[in-house]
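The structures come next, written out as structure tokens.
The following pair of complexes shares a single chain, chain A, combined with chain B in the former and chain C in the latter.
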Partner chain A sequence: MKFRCERDVLVDGLSTATRAVSSRGGALPVLSGLRVHLEGDQLRLTGSDLDLTITVDLTVAGDTDGEVVIPAKLAVDIVKALEPGAVLFETEGDEAKISGGRSEFSVNLIPAEEFPQLTAPSAESATIDAAEFADGLRQVVSAASNDDSRPILTGVLLAPEGTGLRLVSTDSYRLAVRDLPGATLLREGQTVLVPSRALNEVVRALGTAEKLSVVLDEREASFRVDGVRLTTRLIDGAFPNYRGLIPQSQPNRLVIGRGPLIDAVRRVKLMAREATPVRLTMREGSVELVAITQDIGQAHEELDAHYSGAELTVAFNPEFLLTGLEVTPGDEVSLETVDSLKPALLRSTESADFLYLLMPVRVS
Partner chain B sequence: MGMNASRRILHVDMDAFFVSVELLDHPELRGRPVVVGGSGPRGVVAAASYEARAFGVHSAMAGAVARRKCPQAVFLDGRHARYREVSAVVMDIFGSITPLVEPLSLDEAFLDVSGRVRALGPAPEIAATIRARVFDEVGLTCSVGVAHNKFLAKLATETAKPRATPTGPVFGSGVAVVDEDRVEPFLWPLPARALWGVGPSTWAKLERLGVATVGDIARLPVDALTRAIGPAAGTQLHRLARGLDDRPVEPNVAPKSISHEETFAVDITDRGRLEREIVRLSDAVADRLRRAGTTGRTVHLKVRHSTFQTVTRSITPPHPTDDGLDIAVHARTMLSGIEVADGIRLIGVGVSGLEEAGARVEQMSLLDMEAAGRPDHDRDRRDLNRAVDEIRDRFGRSAIGPAVLAESGRIDAFEDGAQQWGPNAQR
Partner chain C sequence: MRLVIARCSVDYAGRLTAHLPLATRLLMVKADGCVAIHADGGAYKPLNWMNAPNRLIESDGVWTVTSPKGETLTITIEEVLHDTAHDLGVDPGLQKDGVEAHLQELLAANCEAIAQGLVLVRREFPTDIGPVDLLCRDADGTAVAIEVKRRGEIDGVEQLTRYLERLDRDPTLRGVRGIFVAQSIKPQAKVLAASRDIDCVEVDYDELRGIESNVLRLF
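Up next, the complex of A and B:
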């Protein structure tokens, strides 16, 4: 195999495909590599951990066709470190020569025949507005769990809602729900559970693209944008009945500027160490934030706010509260509560497309 | 990856360890057939001396059968605490040779001596030194396999072992070496079952491909193998058949942790049985956590397959715990990702990241609320655990425990060291 490519183009492609390569190694040493496939001027880079596969297509100046597997991380590091300009990639026996400027590297290849044959799902593809989808994903992925012991909670549920699409995630401590009215991606009644890790990569790959093409079958989802295709295994199992968790009416309602509250939580959080919560005391006209960590100190801040309901103190994990505030759109938010042990509902006062439900921390 | 630099790996296995420790303490029994375990009505043989093996007695055999085959044998109860004590001395000797010691059980360990060759001589010499020191300092014999990876070292040990014959034990070479350029003649004639990961179900599939020996596997095209037994297992098996294994020797630099494990007298294939064992071990771990006034952050699961391949998994839930059910749920989740059909030899549950239980601050869960219909689940568990602890203080560990452990009117709670050879061994 032999081809020439601009360094920056190649670095981008290699890095993107490598994002699917498991850093843990795993059972198959060959999966620490990237498959590099050249046909004519079409270079295809593939990285996979068997759950997530990322394929990048690049146009290069091809010379000799071929297929090899190179150590992924090493290849990225090498190409990144070369002088800007053209990079020459050439294989010779079981080595790859990578050169640019006056530098030359030879890298031992990984036997290519061990690389798994990966197929893309073969269902019809749907097209969706990339910016809106990325926006929705950003709002929900942070509420998904990264605890592999509860695989279902590590996914984002894609479900039809009215004439649009709904994205839902929960790590059991919070729940994020985003509606994308008018986005059609699913057959009637079809729901899929996509690993949030893969969706994070989709968001990253979307960049400034306008359209995203999506293929969903029984077992896999595939997302294609520009020359990048991400294919992920779907999560099997029943997503929790999240509808039953969303309260219909809450007696207490705090309305406050989103920006000022974010700033205050960030400050007070400095004294919420070792898993201690931030306490919000809400009363007519104000909300008071307090964090106390034993042997370290305390923080205190009072903000003006509209509040209707009985005076109430609720404690939250500051990270979870902050994440919720950051992904909620608009300048003003409402926080609806029942008591210190029931979930609080966070929403924008301007838009009904997104909600964030947060379970309090109990202090005893 | 360091795959190309040749490593020097030793696999050290004590010869008939439990029995040898007994002979050490009861020299008058030397030369006689001795069996550890198998004394209760349903007891199972945990270890047999080479003299007893000559009569066809082997570990995991029912005690009654062993007694029929060799009525003149001396049957002893196991003394787990004593074996652990001797094991610690042996492991210390290993540790003085190299810090890279990975214990597999009380009587077995991998040592990576690659970095010690310059100071101590070639690996086979180090192996001989270890045998001599274990004999001089502890009075026990061991066998050592030497190779450039763990897989081959372990296979080599087998060939160095003493063997039982009708005319008495025949000593093995003690040290067996597989040279890097002699892998094929050593490995390929072995039966395919010698490979890790070849249990009964895999074996059946391989037989259909006409595989009998390791060499047959090595000569198969890898895609035929992956088609038959799946891409991960196929690739792994093909690598092993060519003697390739780059897993490092992983020393147990265990963080401060609490764990319990159970070695089964008979390999277990029943997942339900394993899950029950997890509840039992988790209950014991939680008991110790609470007694120490600590909570653990990370839950660990250790599973050893019948092939001796050992896998460990861990999960760090959002909140530290001292609750047996909590630990069991996480351990069971980890077990669900592990294939057990080939037989499980050992299972262990532990927690690490211990911290003092302080003022309770707990993030409540939306889903527990849904499941339990109330947000007080955790508080109830705490009250329950406090009551259980008080009852056990007064009436003993078996007085109360998780219902799944109830068996004919008593609770089969975990008692360290007592379970393997007792009448419960074939539970």
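Up next, the complex of A and C:
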């Protein structure tokens, strides 16, 4: 195999495909490598940990076709370190020569025949507005769980809602729901649970793309944007019945500027050490934020706000509250509560397409 | 255990020579023959001592302790202020931190709190470098070694790695995988565990004990 490619283009391609490469090593050492396949001027880079596969197609100046597997991280590091300009990639026996400027590296290859044959789902593809989908994903993926012991909660539910698409995630402490009206991706009644890790990579790959092509079958989902395709296994199992968790009416309602509240939570959070909650005391005309950490000190801040309801103190995990505020759109948000132990509903006063439900923390 | 409080001076002769001038000190003579001389300060280290095996000869006002290596500890006693002996019996050994031991006990009784389908084989499963906290089988029948800590740090991952290496030599356990369990696990420990194919699980001690947690859940 032999080809020539601009360094920056090759670095982008290698880095993107390497994001799916297993960091664990694991039972298949070949998965620590990237498959490099050249046919004419078309170079295809593939990285996979068997759950997530990322394929990047690049146009290069091809000379000799071939297929090899190179150590992924090393290849990225080498190409990134070369001088700007053209990079020559050439294989000879069990070695790949990577050269650029006056530098030359020889890298031992990994036997290519051990690389698994990966298939993409074969169902019909649908096209969706990339910016809107990325926006929706950014709002929900942070509420998905990182705890692999509860795999269902590590995914984002994609479900049809009315004439659009609904994205839902929860880690059992909070729930994020985003509606994308008009986005048709699923058949009626079809729902899929996509690992949030894969969707994070989808967001990253989307960049400024306008359209995203999606293929969903029973076991896999594939997302294609420009020259990048991400294929992920779907999570098998029943997603919690989230609809029953969303309260229909809350007697207390705080309306406040989103920016000032984010800034205040960030400041007060400095005194909320080791899972210490931030307490919000809501009363007519204002909200008071307090964080107290034993033996360290306390923080206190008062903000102007509109509040209707009985005076109430509710405590939240500051990280979870901040994440919710950051992903809620608009300049003004409402925080609706029942009491200090029931879920609080955070949403924009300007849009009904997104909601963030957050459980309080019990304080004495 | 014999405890003597006495005004004494002490001379040691062996690898070097050392002298403790006349003062009031505690002399401990343990059942195994160890002799230790303590001052009224410091948590654990005696001023001088002679490990077992050794020979103690008491004569009028002088104790002479000699070891097989030829070391001699001579205690010259001017006045005995207190002299008692107690039978302490067999010591049960150092117990693990209460929370950690209780966590292990709770998880042994409820392995599914760690991962679905886990079944306990044995607590404190012996290996030739010490016992692994829990040995289980998963739903596929694969052996699973579990190390339980209160705080999950890199040391715990290293410890579990050593156990896994030993357990994998046993043909009946070959293919054994590891799970590192703690109330909270440091990010560095998670990275190290992931690089060694060891799963990490954080558990809620209060929840395992059936105590209502302050951290409320939606479901």
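The definition used in the following text is that the second predicted complex is superposed on the first by the 363 of 364 C-alpha atoms of A that agree within 3 Å, B and C clash if a C-alpha of one lies under 4 Å from a C-alpha of the other, contacts with A are read in each partner's own complex, and residues count from 1 in each chain.
Here is the rule we go by: a residue touches a chain if its C-beta (ideal position, glycine included) is under 8 Å from a C-beta of that chain, and two chains touch if they have at least 3 such contacts.
In this text, all values refer to a predicted model and were calculated from it rather than measured experimentally.
Once the complexes are laid over each other on chain A, chain B and chain C cannot both fit and instead clash. Looking at the shared chain after the overlay, A:Thr208 reaches neither chain B nor chain C.
Legend: residue contacts after superposition of the two complexes on their common chain; A:Glu113 is shown touching chain B, with no touch to chain C. In the superposition on chain A, A:Thr276 makes contact with chain B only, while chain C stays out of contact range. In the superposed model, A:Pro29 lies in contact with chain B only, and not with chain C.
Once the two complexes are overlaid on the shared chain, A:Gln248 sits clear of chain B and of chain C alike. Of the two partner chains placed around the shared chain by superposition, neither chain B nor chain C is touched by A:Thr163. In the superposed model, A:Ser172 makes contact with both chain B and chain C.
In the superposed model, A:Asp148 lies in contact with both chain B and chain C.
Partner contacting the larger number of chain A residues, of chain B and chain C: B. Chain C is struck by only one stretch of chain B after the chain A overlay, and of the options 57-65, 345-353 or 399-407 that stretch is 345-353.
In the superposition on chain A, the residues of chain A touched by chain B in one structure and by chain C in the other are 147-149, 170, 172-175, 240, 245, 275, 317, 341, 343, 357, 359-363. Residues 23-26, 147-149, 170, 172-175, 240, 245, 275, 317, 341, 343, 357, 359-363 of chain A are the ones touching chain C in the complex. Those residues of chain A lying in contact with chain B across their complex are 27-30, 32, 50, 108, 113-114, 116, 147-150, 170, 172-175, 240-241, 244-245, 275-277, 294, 315, 317, 320, 341-343, 357, 359-364. Those residues of chain C lying in contact with chain A across their complex are 114-116, 194-197, 199, 201-202, 212-219.
Residues of chain B that touch chain A in their complex: 1, 3-4, 222-223, 231-232, 235-236, 239, 246, 315-319, 330, 333-334, 358-370, 375, 379.
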